[in-house]
Amino acid sequence: MIEIAVPRVDWYSIAPVVVLVAAALLIILFKAIARDRVRTYEPALLIGVLGLALCAFFLTKQWSVVIDDGPADALAHMIALDGFSVFISVIVIIAAILMLLLSSEYLVARGIESRPEYVALVLMSAAGMVVMASANDLIVVFVALEVLSIPLYVLAAYDRTRARSLEAGIKYFVLGAFSSAILLYGVALIYGATGTTSLEGIQTFLATRVLIHEGTLLAGMVLLLVGLAFKVAAVPFHMWTPDVYEGSPSPVTAFMASATKAAGFAALLRILYTALVQYSHDWRQLLFALALVTLLGGTVGALWQTDLKRLLAYSSIAHAGYILIGVQAGTTQGLQSALVYLFVYAFMTIGAFAIVVALGGTDDVHAISDLRAYGRRRPVVAGLLAFFLLAQAGIPPTAGFIAKLGVFAAAAEAQSYALLIAGVLTSVIGAFFYLKVILTMYAAEDEQPVPDELETAELETGTPHPPVGLPVAAVLCVCVAITIWIGVLPTIIIDFARDASLIL
Amino acid sequence: MIAAARLSETYYLTFAVILFGIGAVGLLVRRNVLVMFMCVELMLNAVNVTFVAFARALNDVTGQAIVFFVLVVAAAEVAVGLAIIVAIFRRRRNGATADDIDLLQG
Amino acid sequence: MPTTALELLDLMWIVPLLPLTGAVVLLFAGKRIGEPKAGWLATAMMALAFVWSVVMFLALISLPGEERKHVSDVFTWLSAGNLKVELGFLADPLSITWILLVTGVGSLIHLYAVGYMKGDERYSRFFAYFNLFATAMLVLVLSSSFLLTFLGWEGVGLCSYLLVGFWFERPRASSASLKAFVTNRVGDFGFMIAMFFIVGAIGSLDYTEMAAQAGGISKDTATAIALLLFVGCIGKSAQIGLHVWLPDAMEGPTPVSALIHAATMVTAGVFLVCRANPFFERSDIALDVVAVVGALTALLAGTVALVQPDIKRVLAYSTVSQLGYMFLAVGVGAYSIAVFFVLAHAFYKAALFLGSGTVIHGTEETQDVRRMGGLRKYMPFTAAGFAIAWLTIAGLPPFSGFWAKDGVLAAAFYDESYFVWAIGLAAALLTGFYMTRETMLVFAGNERFRPEPASADSAVDHALVEHDITASPTVDYGTAVAPAHLGHDPHEGAPTMIFPVVVLAGLAMVAGVLELPFHGLEFLTHWLEPTFGSHEAAKPSSFLSGFGLSMLAVAVGVTGIALAFRLYRRGLEDPRVDPIDAKLGPVGRLFGHAWYYDEGIAAAVGGPLRRGALWTAEVLDQKIIDGAVNGVARGVGAAGTGIRRFQTGLVRQYALGIAAGMAALLIWAIWRVGIN
Amino acid sequence: MGDYPILTAIVATPILGALLVLLTPARRPELARAVGLMMSMATLGFSLLLLWKFRTNFGGFQYLEHNRWFDSLGVGYIVGVDGFSLFMIVATALLFPIGLLASARIEHRAKAYVFWFLMLEGAILGIFLSLDLIAFFVFWEAMLVPMYFLIAGWGSANRKYAATKFFIYTAAGSAFLLAAMLVLAFLHQSDTGTLTFDYRVLAAWTTDGMSSSTEYWLFFGFMAAFAIKAPLVPFHTWLPDVHTEAPTAGSVVLAGVILKMGAYGVLRFGFELFPRASEHFAPLFLTLAVIGIVYGSIVAAMQKDAKRIIAYSSVAHMGFILLGIFSITIFGLDGAVFTMVSHPLTTGALFLVIGMLYERRHTRQIDQFGGIWKSAPKLTALFLIAMFAGIGLPAFSGFVGEFLALLGAFAAHRWWAIVATTGVILGAVYMLWMFQRVFTGVPEGENLEIADANGREMLVVVPLLALSLFIGIYPSPVLDRVEPTVKCVIRNFETRTTTIQRPVSDRMDLSGVKGCR
Amino acid sequence: MLPEVVLFYLFGGLALAGALGVVLMRNPVHSALSLVGVLISIAVLFIIQDAQLLAAVQVIVYAGAIVVLFLFVIMLLGVDREESLDDPLKSQRPLAIAVGVISVAAFVVLADANWTSGDLATRGALKQARTSNVEAVANSLFTTFLWPFQLTAVLLVIAVIGGVVLARRSHLPAREELRELEEQDQLDEQDSEAGKT
């Protein structure tokens, strides 16, 4: 007889994932059994948010366990349970909740079908990200990558009546599959080079041996980097980003920009800082180059964008560059700063996309020129957009500044002076395109007056623009509050990240 | 019968590299989305060969186990990918190639 | 009662405060005070200041000779590092002499202006400026340190600016005021650097410290200080090189010309050299330079004055020339003679200016001497005053001008500075000539101010001077003679205008008694001894040689007068033809154009300098420097466009990007393996 | 000294005011204006209180407040005031109520205007008070935003370009500043083990802790920001563009205090942190300062727009300030700081008058004007006085500063000072020439109709000119408070650099100065 | 049984030829059929390397399910039109081939015939004395790889949901934008037809 010694299942460690998947399945089941007349979307949303909340609850439990007992692994070393995983998971969960809030009216307004499944897919993807955050084995990394990506392919293409959405889906899918094949090949090569896929195993192996033939390992490392760099949208693996961000439904884009980036960086950080820590000298060189071109590419590419979402996409590329500065440092400060950055960026970008949602518009096309004179026409929306853009530009006293300060500090500490200079300079260039949007809203009134009919129509109807719904308003409030709060009193988040940087 | 001398894994691995390369290049040059998917499958298969070869060389189960996961992933990917294509084709009978999907650019 | 005297001297600050009060009151409430009262108020303030100055004089003179130097500090003005500058006043014979001059002559000219400015729309403001000027001038001379002197120095410059440009509607006036101020600033440049040197050398700007320490500094430093101070004097006293502003400054109202540009402000340079004499005394070079510059100025300005057609410009160049004499005097070490010259000059030149003002007033703003003639008939008092002043300036004994000029020339001669002496003598000839020419043309000869019905008057209007800093300066020579326009007879000025002229002329006549070159009669020299120390001008070796020299000077002056008299006794037959033009030919043109100095500067400033500045502003600044800034931005922007071109929207290409990135990283890996 | 956190009150009051303004109803702009004026007046009150209670004969920081901010990065909230910052605070607090009064005619989105204006005030005050590098940088960078909105929202025709240029150009400078700050702090950390951005701690360490070449690099990192902000030629081209487009009050503040931030930065950080580098590169910056004086004047003379002339004149004046600073003498520093106090008054007044002309004629082209003196004598008088105060006429504040700055420069570097002194001539040229073209002559056309200054406008300008006159005649109140700090700086140079040769006339015993670090 | 080397070259060659076929066949149906060839050849290579279980799964899942799915979609959508030979993106092909060749060469150079350097049998030996290879692999799936194994279940659920959601027939009309595009396409078609005639 075959004896299968099933490993002890540590339920605490997998509870967040289980909750999310269960909630997703519950939604599917509910949809399947509910009669046609029954409203399914609102309950699905409710289940989804509750599931996420429950997941958050378990995460707090995990946090206290980790803080008290230190990091641990679980399920045959496949799961790493440490502050890092909880931190990233928190970002993911918050992003998912905010994203669902953003979606709530958006889907209805756009007439997007299969709304309960949408919620389920978001939950599944979030589950994948949580798994990613705690993945302690390259196989889990790969599978988690797929679990988080495949729902996103679907979500990107979710607005099936819109060609742009479908296009975003197919592009994301083709390139995603391509890159995950590359990543997988990297896993294979590293497996060949070290004989294991376990991150700890690799670390131990590399720490105890001196490899004479490093070729396979290095090639594997390169391919892993390519695959993950694709996910975090680093140049030159970024080209999907503008198209997909622009085409996808705005809440999905917000989710991709915040949570997916966090998950991608989670994997990157964990692999580099544990498994390949012996090779930090090498990957720091690679990341140096990647960070440099990412900063430049993202910033420069954004300069002449005419669509707001596309602009935010390029800015998200640039932000990946900043985070890469932190990663590149290869120090605790670097890790910590990257975490803070991810956290802060999630709120800044979701806030910005919340504005995109609030702007309305029929076809999800958001030409910047349409924002003309919004400073007067929709002062609150314009003001908030300006706020988020300035935060992304890293202007104090917003959280964006604290985030950038962290990664720059990491670069300074690690003596990556060239990156430091590149970072500060690109943030200046970056300010240009953020300011361009703001100028359009605030300073363009005289040159081309807003057509009178439009103006009078706005005035007559009283509610010239679709009113901003309560959920979106709530999201905006949260994002503004957090962005200012961290900007003024960053201690809490920095301490949180410091505890989280005790990686397994 | 010639003695079944065990072939060095280098052969298989080199083969896999070439297969991977063909798949990758195919994805780059073909315009039919379905064929592009097939090229991804070629790449995944190359990876599978790699894993199996390493598994034999290392006498380790991991390599073979991973192939299972790859197979599942491949299946899932194909299902979703094809669904997207179907959705697109529902809308657009003509212009079947990847080059026609270029609303988003710049 | 020395204590009382000192206590009184502590109240020196009242002297400048009086006109300052007038200025402030008039500035804020001038309109309400109204036309004649404003003038009277200002005049009264000046008169009071004069009275107080006399009190100061008496207080000072009551002290024994060696103690006639009193500093009274009001408060610390500037205290930085080692440097401490008090806002303090120094009473010594030099400053008291000067305040007597300023307040005395100033009062008279104020009085004159009460009539002269009648009906001007900015009547009260004129007097406000006038009083302000007096304040600044008094501060200048009373100050106890270079820095405070500089304050007054700049203050008089400011008032000069305001007063020259008083009729700012006239482009010529506003240009002239600009020119005056800027040119003066060039001089101030020297003054400031001199102060820096002084601080470096003696660590203080106080005159007291200077007196104590100047002897101990190196000769080179002393030379530098002295020469740089002299640069300031060149600017303020319109010496050659920076003299260009003074003739143009005649665009201001005539009382201004009399007070500022003849009697007081322009002599501030002489005052400064006197005040800073310890530095000058340390440096022979500096003194030589001063003497030579003074002499050359005297000569060259005299040549220019020969042919000017404008009544005030003749006087202006004459002033420049006379100032040259004063510097000649200090340059040969004859400080008290210089002071004496300043006093005498103040009297007669003020009289001349005020007289000319009355003439202008009486002929409805005619300033072209070619359009005057025979005016003595219509304005006898003015003519008399003017004539006395004329004879004084020409150096006829026993008028003060004679004693002053003779003193200067004698000092130069016995200082063995024969070169400057000769130049001075030549200038005396010129002085005699041009002053006679002017007097004759204005007051004697035929009447040329009435319209000639027959000739179609070449009604050449005065071309407007461009509103342009680089516009050609106001050179009048060669301009068409002004059209005659006076339908009625010219009239004599009001009593308030006659009175000062007559008084000043009288003073000019008798001022010689202040300093007679006879032993025991050199009152001024004795009086000023505490300031200039035992230093004395070289003395004639014998009475005979001194007398001979004097006679020579008188002879030269008389020759000039005679020449001019012959030429202009009858006035001009044709107003368009000035006989001296024919006599001098091209040299006359050279003189008339003031040696083309003004025009040369204008051409340089308007031409290459302006083009250079324009190039700097428009090409260097905007195209090159700002262009580089914007070029960087544009370069980044172009990169942005380039990146967008890569983003074709085609998946395959994006995949190629990924693959290429992968290949690049793999190549790095090969390099990495290769180096190990 | 006093347990009352007056410095925090100074920073917080305008920010609080800005938030209060947000709460006022948009339909009642006069309410927003009243709140704004009140809060800025309150700030002025606090700053005057500070001025009153400020201890003279003490070179160090007073009213220090030291609070933790985020320790993990070694960042604290440290504020303190010394002779350098004191008058910058007062000048800032003075200019803002005046600016608000001068903006009374702004109807367009007045509430937002007041909001941004107060935010700007808060940020600027923060800059002058912060003693923590990061806190300083936070304010330094945060200052850009309100200024940006003020230009972009209420500027003239080309405001988009100007606002963007202002933001990007100056931010580019501060980018290097941030980088250098971080590197400095982490070098300190690797040397001593503590991570801190407290500039006093770092200043005590730098000379011993790092090689001179490192110090040079970091110094240039700091100077990049300060040179652009100051601005030194050739980094000045943003200034005229911004001045031309900014609203009047914006220009007043910009020329008045924002430019001073650059000079202040050099004094506070450049000198204290990097004495060796400052001393070593002083000739370079002296040269740039002299170029600034001469070049700024020449270019100013050729401008056709009145505001651009004043803008370039600011370049020249900042040249004097930097000349004084880099002379590294007591005189020079005294003069530089004094000019920093005086320049806001005079240039502020000039910009206000130009703004009034612009409100009346809607142009600033010089050739559009002429003969204003006749139609608006009071306005002209204001300009005239401001102009002479600005070109350094003795008895006005400008002279004292310029004189001392030049004196210091002369003591240390004779030829630089001599060339710089030509600025005195050139200053007269461009200002008087402009005055001639704008105000003299016979008014024609619209210039005939120009209304004279009204009571409010007099109220706005006269205090500035009166103050300029006051401290011009009686500068001791300023110099007495500035000089102890100056002496501390000089002593710092003497103790920490081996090469410095103090000029004789400037040499004095500095051991008695109290409060020096 | 033939020696390994022969089998390797035979099926390896077949697989490569098939792969080239996938890439080069102009008709997607032909490509799909070539893919089947590749998959089966690889299954054989698996068998050679003692991965019998995988070989079976390969044939069943890949050849049996995935390729069939491909063919099904091709038939369903009728997209079996042949691709034109020239690439509108002129530089794409040369660059792609260059990148491909460089990458492949890079791998080979990097490995330098020393691909494997890891420890042996870190997670259980493949060849054990008593148990079969199948057993070992299966055992590891339920023990060591339990977590990823469970996750694949989630993955499959996702695939099902995604597939259903996307491929489901929509009740909504296409939006303007799509119609425009379609019209555009039709116009293009007409143009090209006109060009042909």
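All chains are identified by letter, namely A, B, C, D and E, in their written order; residue positions are counted from 1 within each chain.
Throughout what follows, contacts are C-beta pairs under 8 Å (C-beta built on N, C-alpha and C of every residue); 3 or more make two chains touch, one makes a residue touch a chain.
If you're wondering where the values come from, they're calculated on a predicted model, not measured in any experiment.
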Work out which chains are contact partners of both chain A and chain C. B, D, E
Chains in contact with chain D and also with chain E, listed by label, are A, C
Starting from the Cα centroid of chain A, hunt down the chain whose centroid lies farthest away. C
Chain nearest the global centroid, as defined over all protein CA atoms shown: D
Chain pair with more C-beta contacts, A-E versus A-B: A-E
Cα centroid separation, chain B vs chain C, in Å, comes to 96
Report, in whole Å, the distance between the mean C-alpha point of chain B and the mean C-alpha point of chain E. 3
What's the distance between the Cα centroids of chain A and chain D, rounded to whole Å? 43
Taking each chain's mean CA coordinate, chain C and chain D are separated, in whole Å, by 37
Two or more other chains touching the same residue: where does that happen in chain C? 633, 644, 647-653, 655-656, 659-660, 662, 666, 669, 673
Residues touching two or more other chains, restricted to chain B: which are they? 13, 20, 23-24, 27-31, 36-37, 53-54, 57-58, 60, 62-63, 65, 69, 73, 76-77, 80, 83-85, 87, 90-92, 98-99, 101-106
Identify all positions of chain E at which a residue touches two or more other chains, and write them in rising order. 89, 92, 95-96, 99-100, 103, 106-107, 109-111, 115-116, 118-123, 139, 144-145, 148, 152, 155, 158-159, 162, 164-166, 170, 174, 178, 181
A full list of chain pairs that touch reads A-B, A-C, A-D, A-E, B-C, B-E, C-D, C-E
Along chain E, where are the residues that touch chain A in the complex? 106-107, 109-112, 114-123, 131, 135, 138-139, 142-148, 151-152, 154-155, 157-159, 161-162, 164-166, 168, 170-175, 177-178, 181
Chain B contacts chain C in the complex at 24, 27-31, 36, 98-99, 101-106
Residue set of chain C touching chain D in the complex reads 75-83, 87, 147, 150-151, 154-155, 158, 161, 165, 168-169, 171, 174-175, 177-178, 181-182, 185-186, 188-189, 192-193, 195-197, 199-200, 203, 467, 469, 613-614, 616-618, 621-622, 625-626, 629, 633
List of chain D residues in touch with chain C within their complex: 168-169, 233-234, 236-238, 295, 298-299, 301-303, 329-331, 334-335, 370-371, 373-374, 388, 393-395, 399-400, 403-404, 406-407, 410-411, 417-418, 421-422, 424-425, 428-429, 432-433, 436-437, 439-442, 473-476, 479-480, 483, 503-508
Interface residues, chain A side, partner chain B - complex: 139, 142-143, 146, 150, 153-154, 157, 160-161, 163-164, 166-171, 173-174, 177-178, 180-182, 184-185, 187-189, 191-192, 195-197, 242-244, 246-247, 305-306, 310
